[in-house]
Amino acid sequence: MQLKKILPLAALTVALPSLGLAQEAEVVVDATPDAVAALNTEMVFILNSLLFLIGGFLVFFMAAGFCMLETGLVRSKNAAMQATKNVALFSLAGIAYFVVGFNLMYPLGDWVIEGWLGGVAPTVLEPVGVALEDVDDIEYASIGSDFIFQLMFCAATASIVSGAVAERVKLFPFLVFVVILTGIIYPIQASWSWGEGFLDEIGFLDFAGSSIVHGAGAAAALAGALVVGSRYGKYGKDGKINVMPGSNLPLATLGMFILWFGWFGFNGGSQLAMGTIADVADVSRIFANTNLAASGGAVAALILTTILYKKPDLTMVLNGALAGLVSITAEPLTPGLGMAVLIGAVGGLIVVLTVPMLDKLKIDDVVGAIPVHGFAGIWGTLAVVLTNPDAVLSAQLIGIALIFGFMFAASLVVWLILKVVMGVRVSDEDQVTGLDKTDMGMEAYPEFSS
Amino acid sequence: MQLKKILPLAALTVALPSLGLAQEAEVVVDATPDAVAALNTEMVFILNSLLFLIGGFLVFFMAAGFCMLETGLVRSKNAAMQATKNVALFSLAGIAYFVVGFNLMYPLGDWVIEGWLGGVAPTVLEPVGVALEDVDDIEYASIGSDFIFQLMFCAATASIVSGAVAERVKLFPFLVFVVILTGIIYPIQASWSWGEGFLDEIGFLDFAGSSIVHGAGAAAALAGALVVGSRYGKYGKDGKINVMPGSNLPLATLGMFILWFGWFGFNGGSQLAMGTIADVADVSRIFANTNLAASGGAVAALILTTILYKKPDLTMVLNGALAGLVSITAEPLTPGLGMAVLIGAVGGLIVVLTVPMLDKLKIDDVVGAIPVHGFAGIWGTLAVVLTNPDAVLSAQLIGIALIFGFMFAASLVVWLILKVVMGVRVSDEDQVTGLDKTDMGMEAYPEFSS
Amino acid sequence: MQLKKILPLAALTVALPSLGLAQEAEVVVDATPDAVAALNTEMVFILNSLLFLIGGFLVFFMAAGFCMLETGLVRSKNAAMQATKNVALFSLAGIAYFVVGFNLMYPLGDWVIEGWLGGVAPTVLEPVGVALEDVDDIEYASIGSDFIFQLMFCAATASIVSGAVAERVKLFPFLVFVVILTGIIYPIQASWSWGEGFLDEIGFLDFAGSSIVHGAGAAAALAGALVVGSRYGKYGKDGKINVMPGSNLPLATLGMFILWFGWFGFNGGSQLAMGTIADVADVSRIFANTNLAASGGAVAALILTTILYKKPDLTMVLNGALAGLVSITAEPLTPGLGMAVLIGAVGGLIVVLTVPMLDKLKIDDVVGAIPVHGFAGIWGTLAVVLTNPDAVLSAQLIGIALIFGFMFAASLVVWLILKVVMGVRVSDEDQVTGLDKTDMGMEAYPEFSS
């Protein structure tokens, strides 16, 4: 307990009687607030780190949410493969982010190219039983808690991609892409804002990553969907769009709920602090706004699909809720509750309206990842200006353009190289059989499928 | 609070100046205990709010638990509809509770009719980065954390209803009912106890809502089940009761586990405070008692079904665990661990014995929501007198009668109006086909169902 | 700030003026740091208890993880039974641990046989609203929080067993075994290390239970698998090993993710303290190492199965991640991140290499519990010496031998007695039909199974 060092007064009581009294009192005056301040410092550090740890396990669980959502939305013949991809991508993201991503993203002065390209070094945590003076940033939180929290954001980008390119991308090329995305592409981009890079300096605001995380994942997904191409049979030669319904909608619903659950950590943890009254009240605001934006998105999608198609659509409701969550992510703090509902609702409407658009463009996005994370992400990033007086529309537009542009271009290059070097697409024949059998020799539901 | 012993100095400031000596001593005397007290105040506020935030995300996840439980217990032809209802009801509950419910429930002096009908106004949170002097109640917690926690309880009542009326209620009339239930009916009733209304004044005790939440949901569910009627084919003309087994029992089991998980937040968070040694030790007691009551309920149901029917029954074991949880919810703090097991076990027995009773009365409760949340809820509310010396049986009985009576009557009126205005029941033909196809044009498991 | 009201020193102000001033100053000097120290003591107690409560609900959820993993990996005709076993075992474990296990495990001086056999008494928690002076250990945490946390570890051992003996063990004999395992066998063994028994004294180190929990469960599972025998048809007379694929791999994947999620609490909570900067930074290290070890295990299993069998195998990837988690559990604190990846990766390799070995020995372990929790557990316990300078290889070897030896021997005796008294194995005919129908009269998926 480092307090021992800074509570020096017990011994003083022996010395005091022989001293002049005013001097004693002075010592007390100096020492005592120090003891309180030291305890306060300690508590703030603990509570900030705790926020990251709680946020960390909540956002970790989003990996399960993405996996269930995607596995439920693919056909059963590709479900085991989709689950494998999700477990493997999360595992590889962790290693890639540790080896290079974290320091690339948080150079904090140690840039390779100032403001644009972070530092290169594996993550090193504080030593075991760290002493106060060895703490990296005593006003912030432990490195380990920060690392685990940020890692989960990085992995989320890869989870977004896996949904879009499901049912036809080859496993190992996909995983190579994941390593490059999570180790290099995402961290570079994220450093521009969260590593105190140039986007941060021009005033671009994206609280928890509507663009930095969700939009980034969607841009990488779009590049992937274009290079890998659509699923065999999805778009008929006559222009007909074949519906390929998800095989397990209750599982997809579970995935959505898990994502919603994790989003409390995603947005709440992004307050980055919980050690003061103001911070914990802000985290509380964020929880409430996050929840109501999801509500708004789900309800809007439910109503709009019922109006447009006469019947509600569960997958649209799920994606509407997720779009509401993405929409509030750029600014979950400043809106009032009513505005949070509205911001989320617009996100839900965007998804219902843009999902068919992608199909018309013959861009095959199996789970609707590009509308949910990309289009709603753009909306959310723009919506910051509605409630945050510090936001400037031009900075938001520049940020969106650069983030989406860079993420798309860099991903496209990687996907194209992978296409040439390894091939990225499962053959049409194997797609008909299903990737579980052809590429894994197993079935997700060996006793159920007709 | 042990601080009483060791923060002695404020009064000294009056005495010291007369000693001539210590202008500085005055500073010490004023500043020091104030600094400690201020830090303590801050920490208590943060820890209380944190308890609500943790409780909030845990109880949020119960929405997923209800959804999986109910989706697993309906037939596969209605599973997508059941999932849709659960996502939509939770979303609408959030909006309704924000717009009117929260302040109706917590008028705290601002009553429309003193002690009976709360205030009417949308929820407004503390401002961003709230200053100490602008905090609503510095001895309690942030409004946002309180709102998110209480919202989850409100939504739970609607989740209980959706299980009972599954497989034949129309989506949109059901959702209208949800809005009225969560925006108006439940908040009015809950204000009587938790809003410091008249039930609180007569000494009715219901710690986390065996009656206020679970019984209330069950009463609304009973009204719904009566007005909507039983599922087509459930009760034959010859008096035969047709078993309609759930389509996905592993999913239902997952739902039960998620509910148990969330219940730590439900009961633990209802301590409403975690900033003192006594409070955190009480939350710990609550965790332990909650867990053991669920254990007792599950084991009792397992044993009794095996005795009665020679074979154990998984759905009864699941409902037994849930009944154990409901039973301990009215008083999870004062029982010892052994008593917690017993209270939960009685809940489990009640469910096994009353589920067939409802069938004999031709009340079709698809998931057993009325026995689990209603009958076990009554038992739990009565059982408070066993361990809490402050409880009075008469007050418990009055509370139960008024809560169930009001919730049932108000819900019945709404259901009857909805029946006339919109119709609440899906036609028999459509029930045979299944609501997923007829009302949504989709299937939950398009590749599995025979 | 209500503390202002309760500063109680009216008495002192009367007394002080008559005293010498040095004495006053002494009062100030003494009292002030005391106030800070008291607040610090309070906060440490709260934060430690909170760590256990968070750890408690996270590790609780592992019960759901085990249930989903095992229910997904059995054939659908035994899925409802597997779910029933998991709910019942967790419920019974709670009761058994309360009645006798907890105090048997934590005698802390109150041994029946010093260092070898703990005390016998049901768990009693601190009283409601406990006063500071009645707290059991003010430097540690509330009894209730400790109890709930440790209970979850105890229950995990039983969950491990249920996976290994799935699809042919009789329900009630299995549950009797669970009661003895969780009430007596595991607590006695765990007391040797965590109850400050003789293994603790010789310097055996197992931070969160690679051997004490996971190895212990695996040893009990091995005894069970040997006594119960293999599933009917698993090993042909011609030496052929029949593959019996799991019926619901997405559900098994969910189970793995839930286990990974819960493991943050399992390992993080085992720091046992979060009230200082050093402790919260250590918990953070543990979170990061735990996550990366799981990553290492999953990736290693993915690569090795692809090398060995040309195709990746989802169940091996799942078990690889779990083996990575088990491997880091004995020492999640001292390794650096790179070492954590390696320790986990070796665990993943061990699983891929030893699963076929068990089949060659005709030991039928349905979910791979013995390789995952046993062999990876041994590896993890040995690997402590790689990074923890306090670890001694001989002590680790002695600990492993005694833990596995005792757990296996004691379990074997119980299983053999149960075999004679109750019979432990479902008949071959009933196995062919499936335990759900024969022993429960129900089906897990009545509409899906072919």
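Observations
Per-chain residue numbering starts at 1, and chain names A, B and C are given in the order in which the chains are listed.
Keep in mind that, in the parts below, a contact is a pair of C-beta atoms (placed from the backbone, for glycine too) under 8 Å apart; a residue touches a chain by one contact, two chains touch by 3 or more.
Model, not experiment: these values are computed from the prediction.
Once chain B is removed from consideration, the other chains connect through touching as one piece. Of all residue numbers that take part in the contact between chain B and chain C, under half occur on both sides, making this a different-residue interface.
A separation of 30 Å divides the Cα centre of chain A from that of chain B. For this pair, chain B with chain C, the centres built from the Cα atoms lie 30 Å apart.
Contact of a single residue of chain A with at least two other chains is seen at positions 21, 25, 28, 32, 36, 39, 43, 54, 248, 254, 445, 448. Considering their complex, residues 21-22, 24-25, 27-28, 31-32, 35-36, 39, 42-43, 45-46, 49-50, 52-54, 56-57, 60-61, 63-64, 67-68, 71-72, 79-80, 83-84, 86-88, 90-92, 94-95, 98, 122-126, 128-132, 135, 138, 141-145, 147-148, 151, 171, 248, 251, 254, 439-448 of chain B touch chain A. Taken in their complex, chain C has these residues touching chain A: 21-22, 25-26, 28-30, 32-33, 36-37, 39-40, 43, 47, 54, 58, 75-76, 245-250, 253-254, 256-258, 260-261, 264-265, 268, 274-278, 280-288, 291-292, 294-296, 298-299, 302, 309, 311-315, 317-318, 321, 333-334, 336-338, 341, 445, 448-450.
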